[in-house]
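I'd like to ask you about the structure that follows.
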């Protein structure tokens, strides 16, 4: 069984072909890095996998199930969790309120029209556990609007973890962080359980290369190199793709 | 004869709808402002034309168009601009303005419908192969087609049009390239409001002008834009044609339910293509 | 997910219960009852616009559908009140279920435009389908018997219904489903990523909102005993949106406060001028330009700004986030 399998995926906007025939597979528990210069189509690929975009052609299989025609929320229910490169938080809520929203998303309880969410002890306890994993439990009741950028980045990750995903899509989890904060985030990424499959887009090579065993290189919507860390680093096309910028 | 007349009436009504809706669509496409005062501007144009008829029919239409264009420009400069970046506030602002315009029209022109005679030269009928058509309605259809070509040429073939297209695609980029986006907005608002005023003035001989005309026409313009796709010129033409046909034949065949039938094309389009015939899909 | 404010609701309810004892006559009592009826209507608009972020400009359709259905069922077909009331509300819910399928294909400004068009279509039916609706002349109902015949009885009935619905909406707002609605309003994309069916949440809110508007429609008929196409007009839909914005979008008591303001202004103004639409438009512009976050929070902000300008001259007071500024399609 593969965790994720992508077959001949295409996506175009009008006449612009952003993804042109991508194939790859990710095994369960694998940590895969998605590299590529700006405009290579990395985030588009994430959007296709998560379901925010529909492919023009091709198939996406999640644990051997074809999910290509499923809407985003059904894919989430099947175990796809993701973070956004541009912070996508509930700015009016508290830190823990954000995590509670994420926890509720996977439970039938989300349709309950009575009973105050804020007072639910089970949700609160579980949310605190998730927040502890990203070292935000001490800030649980602070409004998101009063947290630092680095804390928001970690909250972004906490929300994806609260979904208890089988496969986690991390879209530049270190974007815009200071050196110190990068250390914190990369340490908590290293602590993630080994049975969680992770696909990551990241430009910080030190962190990204330490994290991923396998790398796929995307260039103008095509996968030009796909292999182990050492193979991809050694491949001359990797250098070309980056130098061409 | 019934059918031929029906079609001609549909096309004439569609022509008026086009003049109304195309401005709405352009403004929406460029500025993301749903100008709910558009129906009121249409009615205002009609009223002004009835008062200015002493200048001759063409003169009255031009005066109505110019007055509405100036009014639209002032509106954009004073209200829309002040609310920049707040979509909902802009829409509700134009709605508030629509109430004010309509109420002031009632004050000035009273509550009775005002009929406007068609211009002398177009009062008769034109015969083709034994069938007679009312000349004014034929002229309306021709005028709408001229307007379509004119606006198309303006958008596709002139510098102003190129700037408008650039600003629609990416406002910030256009600004960075030195396009005076702010002046462009005012121009487009003037253009749209002026077209609505001309539409109202041209509609007066077949519909007359009366209180409530604004809120009768506004939803039709919205339907046209929903059908044709926001910001699309061809869409506005196609949508006007469809709504013109559905509305006119609905009135003739099922007068009680003409409004319900209007609902049908919208349901079909939204089910199949929520962005409209010619609308671009949101990325 | 703020605390539901049930205590405040209780205190306000007590105050409202004392109103008939204080008011000088039936005319004022009728205005107080109008506030409750329009307040409930505004609560329904607030549910979809404030909590779910979808501004509807066609809600008068639901008020009117229930109103017409109630009038026709009791007068033409002679149904008893206890049967006509649920039937009328059910019809509004059904209309909401149908319109929702169409309008919720889109969001943002397109949703606003489509609801406006749908509302005008229902208005057109009321206006043109004379055989059913008696067209422009509208439908009158005979006087009611018993409790409903007295102004005080009607007031307390409207108070009970409006307060009950407001309490239910307040409970909903703090519940998981209510939190989902607010999540969908603020971050629809994140919500679907988290496994929420954004469409269904919006649909639930819309249909529920149509139902509450239907209940308001029945109260409307109990109070006025007359309905004409005007009740379904864009003006009435817009007044409801104005009430909600004036009181503060997505706040618990905002809609009722806004309704009180608009109803009072309308009644006061009618003594001096028949230019209500102009006044309505001017109020719209005033609220949107000067206090977009609603009158109460807006007044507080203006006072603070004014006060701080007088006292110190340090810098601008931070302006609290206003829903109307953040609303995006």
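Letters A, B and C name the chains as they come in the text, with residue numbers starting at 1 for each one.
Convention: contacts are C-beta pairs under 8 Å (C-beta built on N, C-alpha and C of every residue); 3 or more make two chains touch, one makes a residue touch a chain.
Predicted model only: the values in this text are computed from it and were never measured.
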Pair exhibiting more inter-chain C-beta contacts, B-C or A-C: B-C
Most remote chain, CA-based centroid, reference being subunit C: A
Intercentroid distance (Cα basis), subunit B paired with subunit A, Å: 46
Between subunit C and subunit B, distance of the C-alpha-averaged centres to the nearest whole Å: 31
Centroid distance [mean C-alpha coordinates] between subunit C and subunit A, Å: 41
Per-residue overlap in subunit C, given as positions that touch at least 2 other chains: none
Touching residues on subunit C, where the partner in the complex is subunit B: 55, 57, 102, 105-106, 108-110, 112-114, 116-118, 120-121, 123-125, 127-131, 233-235, 238, 241-242, 245, 275-278, 280-285, 288-289, 292, 324-325, 327-329
In the complex, subunit A residues that touch subunit C: 50-52, 71-73, 76-77, 81-82, 84, 88-93, 97, 100-102, 104-106, 109-118, 145, 159, 163
Contacting residues of subunit C [partner subunit A, same complex]: 1-4, 171-172, 174-180, 182-183, 186-187, 189-198, 321
Complex interface listing, subunit B residues touching subunit C: 28, 32, 34, 36, 79, 82-83, 85-89, 91-93, 95-100, 102-104, 107, 215-216, 218-219, 222-223, 225-226, 230, 255-260, 262-263, 266-267, 270-271, 274
